[in-house]
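Got a structure for you, questions after.
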């Protein structure tokens, strides 16, 4: 059994494994350009989970794909900002360099466990493939390592299932395979884009528990994308709320649920159905404007109950309640 | 809300449905999936009954069989005194006017090549409720009822968002003025805020039209908000039924309990215990003997492995299929 | 709820199918080619520089020049005129045979796929039998039985198209049946006929159109093949296949004779395929605009 | 090993049973395998050149009815089928005279008896004297001598494995592909210099030409076409030979069908046809305008028969007279064979000028044969070469016994019956001059009645590489192809 | 596996029977009979009649039909009317040629069609895409007899790389292979359009799939993503179209066989039809229908190889 060299970067850099500064991502519609992600900055330390929440279409996946360098070619591109993964500036790097980072230092888990695995390749091969690519393992070595990985994500009888195909696995098991695949090269950063939305609640619980466990052991920095605030409450350290491509609120998880400050954040919490206790299910009036109709300034203004004239100017992301970690982008709610 | 009337509007008794599928290469083998294995429940007029359970447990099949979109293998479905499963083609037309369905997947349930005005106008025309120029205003009224603007009339389904399409599906189910709607996971594909909009809409319709709903979901939070009573299913069988607040406060069946603990609450102080529940949901092709849930059940005893529990009353209005429940 | 009524979506500039089609260069180009060919065929009596049947013993196999752009054939007839007149027959045979095959095959296929059961089994069995004949041989046999004439040629080609379209329409219908909207229609009390032909058919049409465009081209080619065996429309009527066939006899003395009608076939094929692809893209709501 | 590759324009062989072989692709092969009592001199198609073959000499009785043939002795059949004796000759000729085993039985109707006098002598007695008896025992059609033992033993298989005494014998037949023959080491004129002949069936003209150009064929069947002859004449190392006999292409007009039952309509057709132009299309190198309803060079052909000239005005006038001022339409069953179809297209175009519309119903070749024999076609285009005596041609095409539909039918498609008396009389006429006169009258009557319009005569075309030397001058091919003899060489 | 094949063959019996009956009826409706071929055109009607009786063509259609079926049931294809040779011999003589040509053209069709399709999909709407689409159509537009002659003129006569008569030196395996090149290119071109099309649209779909994104997230080079991850999934529709094409090829081979002077089932069928050699024609149709059935079985078996979802369950 070959020992996989621990990522060299662990020693080289002490800073956060993932730093994103002033990221702006645009999509091109004909000759027009629209920012789907506007000036986002964040960083995630080892063992930290940053949850990115927001309504469908607010730009969460675009953020993730920008970080991975997997934006759909010809449709979207990073137009400003810097992304540093494990000390490497991904925005400046050549495609070959980015390729060598992907799967090795940074991994990603996608939403749909049903379609994210290649149906015609055996599980074991798919898990070990990145190792052959990045660490030059032989097929046999990769296979042995894949077996270990599958055991780690608690696929029962892993050794027997290396040659199985995705369709022979249930949804939850497939998502575990995805996790094993993303973690194969022991990356320092893991992006999980709605990893459990397609799963039943009982399976969701299993997968999230597994993820938390692995994160603890491997020291991963996790960017968890979801729109399920319940999941956020259960696993995240910090929360970042997006609306229309802007970060509207960023806070430690406890502070966020205790004092959701941006009107959109509180509306989102109010819309969430709860099993126990009171409240919930207050819909947010109106709809997210489409990209072409985004208002100037604060993008939530068209649906905001607190709208004032000043909202026509984009508010800065400013601290609230004297807590430097809790920041909000709202003229009304920010500390003055 | 409304009291449960003496004779229920919909009475499903011991409904059974198996699917045979032939798979394998090169020689196909036949396997049988018991999608419904003796399902019974009732729905009163204007009542909302939730059906919960995980994916593949047979929730959609109940609706399909009750509407005769698929033929049942056994059991009976009684709708307002009429035997649905025995009804003739002509009777069925009448029954279908009163019993409608909102489909799970809003995009696949709409004909992509039909404008909304045609999609909603067609049932009106076919059933002679309107014709010619009268159709358009009627459709506009329906759209208004589900909160869609007039401008939606001449658009195609793909030009709407998921939430809007789901509203169109609801408007279509409403078009014939039914008494009962099977809503098959009408919100599971939607975002929380849109989900809230739809649920509000359904609630309004229920109140205004005195509609009864069979509300299929696997999200306890949603069911808790919208339903009066709930039926919990597991692998083709009903494992627990009861009124909503009670069943969530005090679930009696271990599966219902598992569902409850697994559903995360948006409150970090009450973060659910994310556990590795042992075992996977068993395959419906080859369900475990005895109680279907026993391989995942922390309390399972030997009896559970051989004898399947029957659904029995444990409290007024509550029944459970578990040997150990009290 | 009323409070939550979504704002009326802005009247975005919406592209109709036609609008999208126009944006699709391939479709436009294809349409231009095909329309030009059809126009040339229809206008042959006026456009053709010479009588297509006029023989000239002094001009046998004349090379293309400024007088006879496409040269002359073994009877001294003007090839350009014959190609133009030939388009009438070849396009007619292609379109009518394909249309007949598509319509019959599709109707049977949709009904068979929609109802399933014993009817379906019989249809599938019959289709299997027809498809067990090598396509060309089937055409040959039929023309041999029926005799070579325009109508019989069309019948022979259509007969080979029918099973292919049955199979395809049936397959697509089966797939459509899985979609909820068919069940939605049933739950709304629509008749089977309405569901099959108002709902299922339009949804499988784009695949059929693509296949029909390929088939049309192959129908034109089949005509030329039958002409090769000598079983196309009787002379002196010009058909592309017939001209190619005569060209084949004189391939070493007058290669242009086979070349020009072959190029005409190629042009139609390219045009039709572009139209087929373009229509599919245009009618696909998710295709990039 | 010297291998001669010969390319033939056919999909497959038809029949190589010599008593049944009638098609262009079959006859040359027959000539390599068999001998007659006498033979056409290699390279010739003329009766005048007949020379001894299996018979070394013959005597004729004074009344011309009894013929004695003295056979060459020691001639061996191919393989182990033993020596050729008078018994084989008797068997063969009887076989040729029997309708069940032969396609040429009618030719032998005149024979009274055939018997073996001794192993090397055969006596033939005729019912009446005929001018061309030697033709009947030549190495052509029924005159080919087969092995009695082999024919009896092989039965139906004899069709593909015939046994003769010729310079070559069959070793392999691949259907649709080729026929391979090897030299007969015991051939009585000496072992052939060519060891093997591969006779390939290459139906596509262009492919055949390319194979010849690329050197894969030594001898190739040529297209009867001016341009073909010109093109290959220019090719280095190639000799193109245009040889007799010619096939006469004729348009037979069905007198039993309206409007052709009207003689004026038939005459109009005859006037509308421009013979030289048709020959012009075909090219002077291979085609000449027809001279009569019997091909040139046959015994009895009237080389100066009075044919109708081309006169469109007259044709139109005749039509008007017949009551068809707006022209007539005639249904014609037409084969899909390109050469025949092409010629008919010229005819069609010529007749059109006179307002006569030939409406083709194109069918495949077999249907054509079947339908014209069912009397379904208004006009029949047919091209044929026969045994070079006028009688055969006249009898098959113009005698009332041969009218299609009758049990005795052969190829009288026009229902022609105007010259029966002359044809019959000529057949038994002992005096050559009188006989010739009778045939001439018959031809004149047929032409005058417009039973048929003769169109053009087409010569055979063959090309060979200069490396091939037939061993004789190739001027005529009674077998429609070159005879490969013991003397043929390939460098 | 074997059981599957046997089962499928048994299931094909009704199909074969129907094919046979259709052929039987069709050929007897076509005018003409084999007597012209056997007796030549100078024979009298009487001797033709006599021969027809002898060949059994005078019997009632029904009894001819039962005779024929009886024969087939005994596994005997009978003898050719024209040559009197056992049909099995004729078939076996040409079958190897047909099989090798079919396989070789399948290879040509896929070897050209697949990369072209992949290229077209990768460069959707770019010049490469247009080139691939138009080039692939050229193969279908030129009638096989024209393209065949063009190939011969260039490669056999001018360059002398390949023989014109492709059955000339059948004994030497190397020569035989050489002779196979041009015919298989000619026939294979017919397939290219279809293979390119299916590959292109399949690849377009596959490249948009989630698993392709997953593969890219592993940092795999694009080549590998395309060929290992996307392309593997397109094999199923390709196999389908190739399978369908087997049948088409058998029929369309006629022209190629004629032009390149190859023996083959297709050419034999046409000859048999032209000679009204009913027994041979029937025998050949049985064989070709059977070949198509076998092709279908092979296709089904191949699905299992290229798509694990079919194989395992």
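All chains are identified by letter, namely A, B, C, D and E, in their written order; residue positions are counted from 1 within each chain.
One rule holds for everything that comes next: contacts are C-beta pairs under 8 Å (C-beta built on N, C-alpha and C of every residue); 3 or more make two chains touch, one makes a residue touch a chain.
Each chain and its UniProt protein: A = ABC transporter ATP-binding protein; B = ATP-binding cassette domain-containing protein; C, E = ABC transporter permease.
Note that this is a predicted model, so its numbers are computed, not measured.
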Task: D-E or B-E, whichever has more C-beta pairs in contact - done: D-E
Open item on the list: Taking each chain's centre as the mean of its C-alpha atoms, which one ends up farthest from the centre of subunit C?
Closed with: A
Task: Remotest chain, subunit B as reference, centres from CA atoms - done: D
- [ ] Between subunit A and subunit C, tell me the centre distance in angstrom, where each centre is the average of that chain's C-alpha atoms.
- [x] 50
Open item on the list: Using mean CA coordinates as chain centres, what's the gap between subunit A and subunit D in Å?
Closed with: 91
- [ ] Go ahead and note the Å separation of the Cα centroids belonging to subunit B and subunit C.
- [x] 47
- [ ] Among the residues of subunit B, pick out those that touch two or more other chains and give their numbers.
- [x] 197, 200
Task: Residues of subunit C engaged with two or more neighbouring chains - done: 4-6, 9, 144, 229, 248, 251
- [ ] At least two other chains touched by the same residue of subunit A: list those residues.
- [x] 283-284, 287
Task: Residues of subunit D defined as touching subunit C within the complex - done: 204-206, 209-210, 227-228, 231, 277, 280-281, 334-338, 341-342, 344-346, 348-349, 352, 359-364, 367
Open item on the list: Under the stated contact criterion, what part of subunit C meets subunit B in this complex?
Closed with: 1-2, 4-6, 8-9, 11, 14, 179-181, 183-191, 194, 199, 202-203, 283, 285-286
Task: For the subunit E and subunit C complex, residues of the former touching the latter - done: 14-16, 18-19, 22-23, 26-27, 29-30, 133-134, 137-138, 140-146, 149, 193-194, 197, 247-248, 250-252, 254-255, 266, 269-270, 273, 285, 288-289, 292-293
Task: Sites on subunit C touched by subunit D in the complex - done: 53-55, 57, 60-61, 74-75, 144, 147-149, 229-232, 234-236, 245-246, 248-253
Task: Partner subunit B, residues of subunit E touching it in the complex - done: 1, 3-5, 7, 300-301, 303-304, 310-313
